[in-house]
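Got a structure for you, questions after.
Per-chain residue numbering starts at 1, and chain names A, B, C and D are given in the order in which the chains are listed.
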Amino acid sequence: MNWNTWLPVLVVASSLLPGLIIFFLREGSHRLRTVLNMAGAVLKLALVGQLIWGVFHEQVYESRWTLAPGLDLVLHADTLSVLFVALSTVLWLVTTVYAIGYLENSPHRSRFFGFFSLCVSATVGLALAGNLFTFVIFYELLTLATYPLVAHRGTPEAMRGARIYLTYTLGGGMLLLIGTVWLHVLAGPAVFVEGGTLHRLPEQYHPQLKMIFLLLIAGLGVKAALVPLHGWLPQAMVAPAPVSALLHAVAVVKAGAFGIVRVVYDVYGVNFTDQLGLLGILGVVAAVTIIYGSVRALYQDNLKKRLAWSTVSQVSYIALGTAILGPVGTVGGIVHLVHQGIMKITLFFTAGNYAETLGIHKVSEMNGVGRRMPATTLAFTVAALGMIGIPPVAGFVSKWYLGLGALEAGMAAWVMPVLLASSVLNAAYFLPILHRAWFRDPAPAWPAEHLPAARLETHAALLWPPVVTATLALAAGLLAAAPYSPLEWASLIAQREYGL
Amino acid sequence: MLTAQWLYGLAGCLVTGIGLGNALLGSSLLKRVLAINVMGAGVFMMLIAVAYRGPDLAPDPVPHALVLTGIVVAVSATALALALARRLDREQDDG
Amino acid sequence: MADTLVWLVALPLTGAVATLLLPRQANMIAIGSAVATAVTAGVLVHAVSAQGALHYAIGGWHAGLGIALRADGLSALLLLMTALVMLAATTYAGAYFSSAGQRRQLWPLWLLLWTSLNALLLAGDLFNLYVTLELLGLSAVALACLGGKTAAIRAALRYLLVGLLGSMMFLAGVSLIYAGYGTLDMAMLTAAVGPGPVAWTALALMTAGLLLKAALFPLHFWLPPAHASAPAPVSAVLSALVVKAAFYLVLRLWLEVFAAVITPAAASLLGALGAGAVLWGSWQALQAERLKLLAAYSTVAQLGYLFLFFPLLQALPHGPARDLAAGGLVILALTHGLAKAGLFLAIGVIQQRAGHDTIRELGGTAQQLPATTFAIALAGVALIGLPPSGAFLGKWQLLAGAVTTGQWLWLVITVIGSLLAAAYIFRVLGHAFGHQPYPGRPVTVAREEWPALLLAASAAVLLGLAGLPVWGLMEIRL
Amino acid sequence: MNSTTLLAFDALLLISTVSLAWASLASSDERRGVILFMAFGLLLAMAWSRLQAPDVALAEAAIGAGLSGALLLSAVRREPVGLSRTGAEPVQNHEKTDYRMTLRWTVTLLCAAFTATLGWAYLSALSFGPHDGLPRAIAANLEASGVSNPVTAVLLNFRAWDTLLELAVLLTAALGILALGKESPAYQPAGVVFEGLIRWLVPLLILTAGYLLWVGAHAPGGAFQAGATLAAAGVVLRLAGRHRIGLPAGIRLRVLMAAGVGVFLLVGLVLMLAGRSFLGYPPALASLLILVIETAAMLAIAATLVLAFAGGRPQTDVLANTAVKLEASTASGPGPARPAGSGGTSNDCIPEKKAC
């Protein structure tokens, strides 16, 4: 029983098995379900800790399972995958606590937590994928696991949102599949190797490789919400708060961005992609998405819709980082993957709290909410400032490295204006909210006050998660230089990618 | 290739064609069952014509066995088809 | 070990005669012979993987004179699928047919159908194939009208007539072959057959007859009413196994016996018909009002995928690429068999609980039967071809074959077909999220729901993850 | 018979056969079609005997023309409109008819092309020259097969597997018919003349069946022909209005139907357990085993065909009182006597008693 081959499988199984068991639990057995959820989350955290320590010390973790001749299911832990696995595990633990509080006495919880665990297993599997074939399998499993979560409430809008979500993601999945098959036929199984493998192919394959790249990026762009393919994100806001938090901060959206990073760095190799002239296209699409997402966010009165459009623009920072040639730009892009996750999940937790406690759904209803729920609004403020890029919150770090990378790569001419414009736009749609929350006096009565203001401003399980993630965002900014911090880890990744 | 062989064989092909045509065009169920039986008879003619090896030589017994089996299979299929039709009529009569 | 070939046919046949003669113990005998046949199928697969292809000369006469039974990788796999589907459907049929009278009529015909399937998959003689095809057709028709509903009987009658026409055309082909080559044994014919009017016409006739029985696109009109109105366990077996047996024969004839005669044009014609089946079947399934009609049209579509493989297999030269594609074809067929049977059994549970299977009013029942809805979801995943189902590997090989041989049309058809399949599956699953009271216990009707769940799960997960032996077995040829 | 007259006979026979086939399918009145089909069957039997295939001629006459014809005629007994409903509806308006016409023409052309290719392929197949490999092998193994009639040897020994599955087909058809419901109402009881004929005909048929069964080992005959003759006896009894048409009811009927497959399977399995191959008769016992199997097959075939003619599950409990009612009705006025033996059966069922 070689520990190095079984660890990745255990990491995936630690949320898969509880999920499958929860499916067959009776609806009434709350305690058993909570114990299973928490046990799975904590076990996964411990395993991932061991994984981080191991990968840092050059340990090789790989398990391989042959599905068909030439098609292997490979789970391989390298620096990039460990970063995404760590992010998913931490945020899954926090979101589980939040979900248990949020879904108090609502129906179908066995089904919800079952698919919730399947969704995280798919995300972790996707992160640990060792080749493009395994990535595609977990990419499609993610769609299957998240559809029931988006459609959980069963209301007509939820069904409509879920249908749109399914159409986009299955379409994207099909494009990705075609690209992967074409690549597989052309160059054999596409194993993720730092620096990529395709530059050795002869000259006449290049037009086909360009076509395959466009297919892969289109397939991944659906989940990464690149502009023409982002339509499903605002519609999927009908899902309950923990789902939109997990979906839009960690699982679905990041899967797409993570896929783009994998394809550019570990399949094509960033220099070969640049040589093919594809980095420019990716950069342009990312830039357009950043601006368009922020502009649309301005006009959204519904708080969750506004956050959704903000996610559309923020995720494209990662694509922009990938498009910037050079290690510093890469660090900026990859570290933003973590920072954006932490900040955005805080925003969604706080939005969920407002809706659950005071019945607030619209920005216009948020006058004086800071007085009624100070801790939640404080967390909201920290995350919002981070999104704008104001130090010391984490967002500033990634924007700083993105700018630096652009300068170093000589692409500053068009990257800097994009960064500045998007920061201004972020400020334009976040600061008014902060102003309303803190400096306006509240309306006579809240739309629907569910939980009376007892010792805490809201249910404990709803309050602590945003506070924890807000502090994490703050810590990621302040302690950026500490060992095992996201920034350090991102620079380790960049070193190994560029072979420095 | 004996004259009798191709004479009866071609007649068999003709009967098969007639059977197939009417099986596709048959107006009533009974007409179609009849057509399928005729088509079968045509195929059997082709088989038995192959078995014939001239007046002096004993014929090849294998096609004979095949046709025997074919006839019994055809009659059982016809029986089932007619039973189904009868049941449908009974449904209509008191339906 | 060659005796297992005979036992595979003799066991269900003995079971059929026993259930006919001892009606009171019919249930016990039926379950007993089902388990025994399934075990024998397992033993056969093990024997084939250990010793290679098996031959058995019946009566001791060498192949030319007597009839030879033979089993290679392909037939062993299909026999195993038949055994699994029949075993699950047998346990379900016992619970589905409540009245003892109906069960008494069911078991003999049920086991005769199983006998004909096993005999067909093992047959090595063309005329013997005609007799097994006829036995398959008649027992399927007799089972289809067991429900006694007028619609079922009318559909069964049309199915019988189409089947008879198909068999007669097949027989015409066989008679031409005997006239030309003087033998009926497929192994000897493979060596003897060469391009010429006799081979072309005979193959055309036999293929036309088999396409009628396999309900490929233009000739599929009889399938939806027949499969939709038959009782659930019967339509499960019809859709999963009976139609596939005819496909298996086309595969045998085209890629083995008449391999020297096949032209790219002919293979592309089959591919085009398959493409038509995929599009038309999926489109009709999307419009279907009732679950069973949806499942029946889905069968028409899924068979289309299998026929898409023909132009690929014909274009690929003998070698690893072609073996991969052949393995993909078989795993796609196996997954469809298990998933479709699971789907029909699940629909049977819903139909008996709700009294109807119209998709619009499905909401309440989907809540009452979460395990059944989960089975439909798993079967749906396998039908669409999403991972981790075996169909995903099958469609991967289909796409890879299309790219390798440069036949891009089949790739586009497969993609459109899969998206349409996703549309009609999730249209059904959408109803599972309504707000009706939740029964609290996930598995409400244990005995009836487990067969469907196990079949769908094995299609959606087991075949996907443990699919490698399929390629291993496909290496073993006659 | 020198070759020219033989050729003339062949030409005449074939022309009449083909034209009968065409006439039977083209006739608008279904009963006429069926009767022409029976005539076609008889002519076909003559063709088989011309091609030196006596076994097949017997079977064609007994089953092809006789019993199939009887089944089809009993199906026509209903008023024809009942059956046409399942076919294409009668066409009313104008543009539908010319659609029908174009469809009819295209199908006819297609069939003509089909027949032409079939004929062309058949002739080129014959041009491959005679294949005597198989007949020589059969002749060589004939004495080891336990019977001297080569056709019975092929049927019951060399290709016994085909015959086993074919009996299974027969059993399936019988089970399907049983599952579909009760038998159709009985015929009018026989008049005096028909009654007298039956007293001679039925025992004769049974005797011939026994003879055909026995002679099958070394001369044309065998289980199928014997079974058909036995079934003819049952059909004649049913036409005479008898209810006890020799078919037992309940478990005994099932044993009879399953006899063919059951005995065949039993022999095969016993031989396999005894170390020989499945259905590999030891030469010494071969002729005995074949006779046992043929007897069982004859019973099964006869039972199935009579059951098919009866139309469904024989009504044993109903038997007693309807027989009494029928006797009462004949006392009130003898039904019109029907000439038997004409091969065709007139269907004078009494509408007001809804006997049809």
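Everything that follows uses one rule, which is that a residue touches a chain if its C-beta (ideal position, glycine included) is under 8 Å from a C-beta of that chain, and two chains touch if they have at least 3 such contacts.
Quick caveat, the model's predicted, so the values are computed rather than measured.
Under the contact definition, chain B and chain D share the contacting chains C. With chains reduced to the mean position of their C-alpha atoms, the one farthest from chain A is D. Per-chain CA centroids place chain A at a distance of 43 Å from chain C. Computed from the mean C-alpha positions, the centre of chain A lies at a distance of 70 Å from the centre of chain B.
Between chain A and chain D, the centres computed from C-alpha atoms are 75 Å apart. The centroid of the Cα atoms in chain B and the matching centroid in chain C are 29 Å apart.
Counting partner chains per residue, chain A shows two or more touched chains at no residue at all.
Across the assembly, chain C contributes residues 127, 131, 134, 138, 141-142, 145, 153-154, 157, 172, 176, 179 that each touch 2 or more other chains. Shared contact sites, meaning residues of chain D that touch two or more other chains, fall at 86, 118, 122, 126, 134, 138, 159, 162, 166, 169, 172-173, 176, 180. Under the touch rule stated earlier, the contacting chain pairs are A-C, B-C, B-D, C-D.
Residues of chain B touching chain C in their complex: 9, 16, 19-20, 23-24, 29, 32-33, 36, 39-40, 43, 46-47, 50, 62-63, 66, 69-70, 73, 76-77, 80-81, 84-85, 87-88, 91, 95.
Of all residues in chain C, those touching chain B in their complex are 127, 130-131, 134, 137-138, 141-142, 145, 150, 153-154, 156-157, 160-161, 164-165, 167-169, 171-172, 175-176, 178-179, 184.
Listing the residues of chain C that touch chain A in their complex gives 320, 323-324, 327-328, 331, 370, 374, 381, 386-388, 392-393, 396-397, 399-400, 403-404, 411, 415, 418-419, 422, 426, 430, 433-435, 438, 440-443, 464-465, 467-468, 470-471. Of all the residues in chain C, the ones that touch chain D in their complex are 3, 6, 10, 13-14, 16-17, 20-21, 23, 56-61, 64-67, 69, 105, 108-109, 112, 115-116, 119, 125, 127-128, 131-132, 134-135, 138-139, 141-142, 145-146, 153-154, 157-158, 172, 176, 179-183, 196-198, 200-202, 205. Within the complex formed with chain B, the chain D residues making contact are 7, 10-11, 14, 17-18, 21-22, 24-26, 30, 33-34, 37, 40-41, 44, 47-48, 50-53, 55-56, 59-60, 63-64, 67-68, 71-72, 74-76, 78, 80, 82-88, 103-104, 107-108, 110-112, 114-115, 118-119, 122-123, 126-127, 129-130, 132, 134-135, 138-139, 150-151, 153-155, 159, 162-163, 166, 169-170, 172-174, 176-177, 180-181, 184, 222, 224, 301, 304-305, 308, 311-312.
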